[in-house]
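Shown next, in structure tokens, is the structure this report addresses.
Letters A, B, C and D name the chains as they come in the text, with residue numbers starting at 1 for each one.
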Amino acid sequence: MALQSLDIKRRSATTTPVPGARATLEVVKLIDVSKCIGCKACQVACMEWNDLRDAIGENRGVYDNPADLSDQSWTVMRFAEVEPAPGRLEWLIRKDGCMHCADPGCLKSCPAPGAIVQYSNGIVDFHQEACVGCGYCVIGCPFNIPRLSPKDGKAYKCTLCSDRVAVGLEPACAKICPTGAILFGSKEDMLHHAAGRVVDLKERGYGQAGVYNPPGVDGTHVMYVLHHADRPELYQGLPKDPGISPLVALWKEIAKTLMNIGLGAAVVGGIVHYLTQGPNEVTEEEEETS
Amino acid sequence: MTNHWVDIKNADLILIMGGNAAEAHPCGFKWVTEAKAHRGAKLIVVDPRFTRSASVADVYAPLRAGTDIAFLGGVINYLLANDRINHEYVKNYTDFTFMVKDDFGFDDGLFTGYDAEKRSYAKTSWGYQIGPDGYVVTDPTLANPRCVYRMLKAHYARYTPEMVATICGTPKEDFLKICGMIAEAAAPDKAMTVMYALGWTQHSQGSQMIRTAAMVQLLLGNIGVAGGGMNALRGHSNIQGLTDLGLLSNLLPGYMTLPGDGEQDYQAYLGTRALKPLRPGQLSYWQNYGKFFVSTMKAWFGDAATAENNWCYHWLPKLDKGYDILQVFENMHQGTVNGYICQGFNPLASAPCKVKVAGALARLKYLVVIDPLATETSEFWQNHGEYNDVDPTAIQTEVFRLPSTCFAEEDGSLVNSGRWLQWHWKAADPPAEAKSDQAIMAGIFLTIRELYRKNGGAFPEPILNLTWKHRQPEEPSPEELAREFSGTALKDQTDPKDPAKVLLKAGQQLNGFAELKDDGSTACGCWIFSGCWSEKGNLMARRDNADPYGIGQTLNWAFAWPANRRILYNRASCTPDGKPFDPKRPLIAWNGAAGAWTGSDIPDYSAVSPPANGMGPFIMNPEGVARFFALDKMAEGPFPEHYEPFESPLAANPLHPNNGKARANPAARVFKGDWASFGSAEEFPQVCTTYRLTEHFHFWTKHAILDAILQPEQFVELGEDLARKKGIRAGDSVRVRSKRGFIVAVAVVTKRIRTLEIAGRKVHTVGVPIHWGFMGMAKNGYITNTLTPFVGDANTQTPEFKSFLVAIEKV
Amino acid sequence: MSKHALIQRHSASERLNHWLVAFAFILAGLSGLGFFHPGFYWLTNLFGGGTWARILHPFFGAGLALFFFIWVGREWKDNRITPEDWQWAKHMGDIMQNKMDNLPPIGKYNLGQKLLTRTMFTAIVLLLASGILIWQPWFAPEFSIELRRIGVVVHAFAAFVVLVCFIVHVYAAYWTRGAIRSMTRGTVTAAWARHHCAGWYKKIAG
Amino acid sequence: MHINRRQFFKVCAATVSGSSLATLGFSPANALAEVREFKLTRATETRNTCPYCSVGCGLLIYSLGDNSKNAPAEIIHIEGDPDHPVNRGTLCPKGAGLLDFVHSPNRLNYPEYRAPGSKEWQRITWNEAFSRIAALMKEDRDAHFIAQNDKGQTVNRWISTGFLAASASSNETGYLTQKIARSLGMLAFDNQARV
């Protein structure tokens, strides 16, 4: 058993603490959108390494293919032709996939114990053998990432190649990226590198360049360098300020606790009432008089 | 490439034009991103489409397909007019001072000597003035109007920014911005690299486009320096190697050429190739041609090649003309070709004008296809519905399909674009009965040889005497073949200064082409590869990636031809007195103490010739310098001139509006029957260009499921204006027609293809990716070359796939 | 015959209906609680594990809704709220202390039961509607994620309501002696009827 | 029901503990949270070069088993060679998908022959293929070989059969092909340099 697999920070639907004495290096995959040429090597590397083959689809009048994430495509390139300033065409190409949130909405929503875990290195991983196929992770995710397989009903998404990282390798997509638009390393190093990239982009005229590491989910372990960090929505709808939906928070955090208490109260209330008042009986005498 | 992939990281400016490196060579493009990241380099992309390369560029400018000479001619004009050139470089390392013959001239688009009937030039006037000493006359003052500098300046003075805008459709301000950036690279410590590919070669004037860019690089002093060069990004993994080995109609290994019919005399054949220096003190390395030739003949014919029979000179076939693929398909179409063998080549999909190619194949008696995959060509006779609508019963061709191994199932070497010979190792056995290419070639050849041995036949000598010293004759091993082309001493090689000292014993491997002899004592199948397998072993298999100078010169990784040299013309990276132009990125420098040129590369020079000797850095030219004036080497003229593509939206060449002969390349070969197959702008108003996508490799990866997933279905791209005009929306099915046929595909409507303003009118471009066909895992599609014209570059006969005319409509 | 006079309160088909509702409710509840809170996840083992519970739960729920709607349909006329009901409600404190004298003569069901029916009806409609929104893999993919998020919250809340109703209902049935018998054997004693539902008793007894 | 404030708190406390009993006490058994097993642990690694474009990226090919006699190598994974100076472990989408080229359903397995006018392939042996091809070539060469041209110049060429060399075959194959083609006098000889 890989040592790393025991270093778990969070585990879905688990009410006791998980073994967490060891603190491993926190890792980050940094996607530098300004270097990405949209070649889709990462899509192939992902499918090849994870033994997936998506359907051979059709062209829908765009470069995006497969058109969306699926149980077989854990990452896809999303192409956007935009003109942030009039007459200045930019072809923004974003690698979409799991962001490995520090506060993962999927994990919070998941009712199946151990189906979703967050390792102490930050990777959020799905364990399909424990997954029940309820789709709550889809509901919980602020980035619309997990997909249920039509074949087995289980949820799938990017594992950040936890099997490779566990043996000290980088994720397949990061290794393959021909332009170095996908880097993988310690969170500290990646933030440092990203800061340098932002300086370079600003020098090249992208005044609003920045790093996408949204605080609404306590940051992510997949970060973007964006030329237009002020307008992430330009990148085919990257959410500007993502967070776990208030509805999900209401559902999982407040409501369930209160309702558990409510149910308990109802039961206990009944018991107390019975013990103090006894049964509501028709007396023998009443029966006799009828 | 004059330089190599990793060296791109040394560039300060990168011009991607006539290519789309990010799309077609993503892993090489990495070094562009490295240059940007670590040198703050800027990237310029000039292309009819806003490509994947453009998506990460600092500056993008559009131009009309096929007008690159006009654009680059405009850059030359800018550099000369504003005097933004590397003076020390051009004066010493180019023919700037050379005097051109007085009878040479240029008039309204045509150079002297044009024969309209033959569509070719008599090139007698295209030369330098030669003095009584046999050397070229020069004018170091550069004042004489007949010196190359003056003539060059006069020639390109017509390429004003306004003319560029008229022809190319490139907005003037974009063009001038790019000129200004390029001019920066004229500083001795700045380097621009040019990355191009088939976006330049696949035009009827493709070679001249490349020449124009090379001239820009010479003006800037960027040839031979780290981070500079003219970098052809070859399309296929070993097309560099196969070209090096001379697998073209007119070539022998190492860029030696086959004789023509008229060259009946061996010495005369050598005389026109082993050129004497044209300036004093020059090396003129081709003077060694005889050594290369004899060694090749010894490798091929062994003991049968003797001084007496001129080393089997007459055993080689002689050329009455070139038999490039277009000529052969023309002949096949005419019915004069009976047999054809396709070794891993899919001409039905790759060659222009599918209807002509398919018709030609159907006239063959036999066709042999050797391939790991089921290609379209192997099934040209099979009905595949709308995509290949033929009647098999009417096709009488015998077809053989022989399964070969793929890369993973064989040992051997490939030459990458940077001229590195890299060895690879077999990982698994091939499927079922598939055989290696060597075994298949041996099987065919040995069977033929046996027939000739038994039954005799036409001129059997070369067949019977071809060397075949293989331990397993039916499967020559890659190791044996590599040793053969690297070169072997046939007799003991002694030290010229001390004949008693034996340097190499007979049977030992040579260290390099410097050891080749023209006395028959050495054998070498490909002189430029010489030394790749020496007595030190297989240098192509070396795997030491150490980069001691930090500029990407990994001399102990694999083997680069020639002589493990990584950057060609590297002597030009130094000033005439032997000091690097840019001391921060030194390639070589004169080391007075050692009495030799030393540094991070193998000198492309006489290693011990001191600067004071004045030897030029371009040692393969008899002048010792680089040529702006191409002499008689190019078919259409010594200076590149813009001509319109054969199918152009313009009725006349804007540079020569009144000379119909100068509309399209006057020297390009057009077969008689093909004139009628060119379409007019009235009928086919849109400019069309074909290209690769990054998701696919040619007609090959559609057989791989993983890549079929990425781009499953054929599509064409068009701009928003044209789409609006034609009522086409993204995802619609559209028909694209040329005079030669039509394809139907899904429309991708994009902002990335702009409408251009050409000579006062709007011109739309339609982009057609090439990758689909009727075989493979992806959705079947039409062969793109259904659309393309059957005309090629005047020098190389590379088909004009990049600019022709179509009409597009919604289906 | 019992020694006391018996009155038919629930017909056999009514009782069958009730117990089908109850059975579906228990199955839906047990299979659904595991998804309500991890502490109940062990209950999914009753159904062959989490995946089976996920597969079966919506069908139990749909069954519950179906039977419950039938029940409501057939009992509707006895569930209309009358002025007596409000009079009865004023005696709530007494009732809770088992002081059943001086109650107004109410119909077959008291106001508590009527409100419970209404609450449960509303909750089950909500459960059904929100359940469809999140029913994998059949319906959920057709709805937007935002709608599904509303769905899970509504589902959880309605489930809570319905569970509280269930607890109240079960306790009330246990507390009110004779009530369980009315739903098992169908009969109550006349005294029981007079005691709890004087109006109904009068109607029946004439 | 008489519940005073004190009772209320008692009830609440009981409820919470009850709730905890129900929910926390029955915390489900820990399912094993282990990553997927690394699939290359004992695979055989072979160095190779990408056969597509001319960047010449280094590859690592991983095959099943340890090459023992009883385990024929089967390629299971291909990735970039991190030691390679150019690609440094990276690959493009084509190179990344090489596994599916090696295992393409369209790989050819046997020599095949299509007779004139036929609508189908028939499987033949290598010997049959070589014999028939050699006979066709010799027949054509003997019939159309040009030893001398009209002017009486020795030209020794055979132009009625053409040869297209590949673009991805090795130098060794190319060299052998060049030798054979020229020994036969072939000039209608080209490669894929242009297209």
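One rule holds for everything that comes next: a contact is a pair of C-beta atoms (placed from the backbone, for glycine too) under 8 Å apart; a residue touches a chain by one contact, two chains touch by 3 or more.
This structure is a prediction, so every number in the text was calculated from the model and none was measured.
Chain pairs B-D and A-B differ in how many C-beta pairs they share in contact, with the greater number at B-D. Comparing mean CA positions across the assembly, the chain most remote from chain B is C. One inter-chain figure worth recording: chain B and chain D are separated by 27 Å, centre to centre, where each centre is the mean of the chain's CA atoms. Chain B has its Cα centroid 48 Å from the Cα centroid of chain A. Inter-chain spacing, taken between the CA centroids of chain B and chain C, is 84 Å. Annotation: 33 Å between the Cα-based centres of chain A and chain D. Counting partner chains per residue, chain C has residues 37-39, 41, 96-97 touching two or more of them.
Across the assembly, chain A contributes 13-15, 39-41, 43-44, 48, 113, 130, 178, 180, 260, 263, 267, 273, 277 as residues in contact with two or more other chains.
Residues of chain B found to touch two or more other chains are 26-27, 30, 694-695, 705-707, 710, 777.
Those residues of chain C that touch chain A in the shared complex are 4-5, 34-39, 41, 44, 49-51, 53-55, 95-98, 100, 134, 136-137, 140-141, 145-146, 148-150, 152-153, 156-157, 160, 163-164, 167-168, 171, 174-178, 189-192, 194-196.
Listed in rising order, the residues of chain D touching chain A in the complex are 1-3, 7, 11-12, 14-16, 18-19, 22-24, 27-28, 30-39, 77-80, 82, 87, 89-93, 95-97, 99-100.
Partner chain B is touched in their complex by these residues of chain D: 44, 46-59, 61, 63, 72-75, 78, 83-88, 90-102, 104-119, 121, 126, 129-138, 140-142, 144-145, 147, 149, 151, 153-195. If you check the complex, the residues on chain B that touch chain A are 22-23, 26-27, 29-30, 33-34, 36-37, 40, 50, 52-56, 58, 60, 694-695, 705-715, 729-732, 746-752, 777-779.
If you check the complex, the residues on chain A that touch chain C are 13-15, 109, 111-113, 130-136, 138-139, 144, 148, 150, 153, 245, 247-248, 250-251, 255-256, 259-260, 262-263, 266-267, 270, 273-274, 277-282, 286-290.
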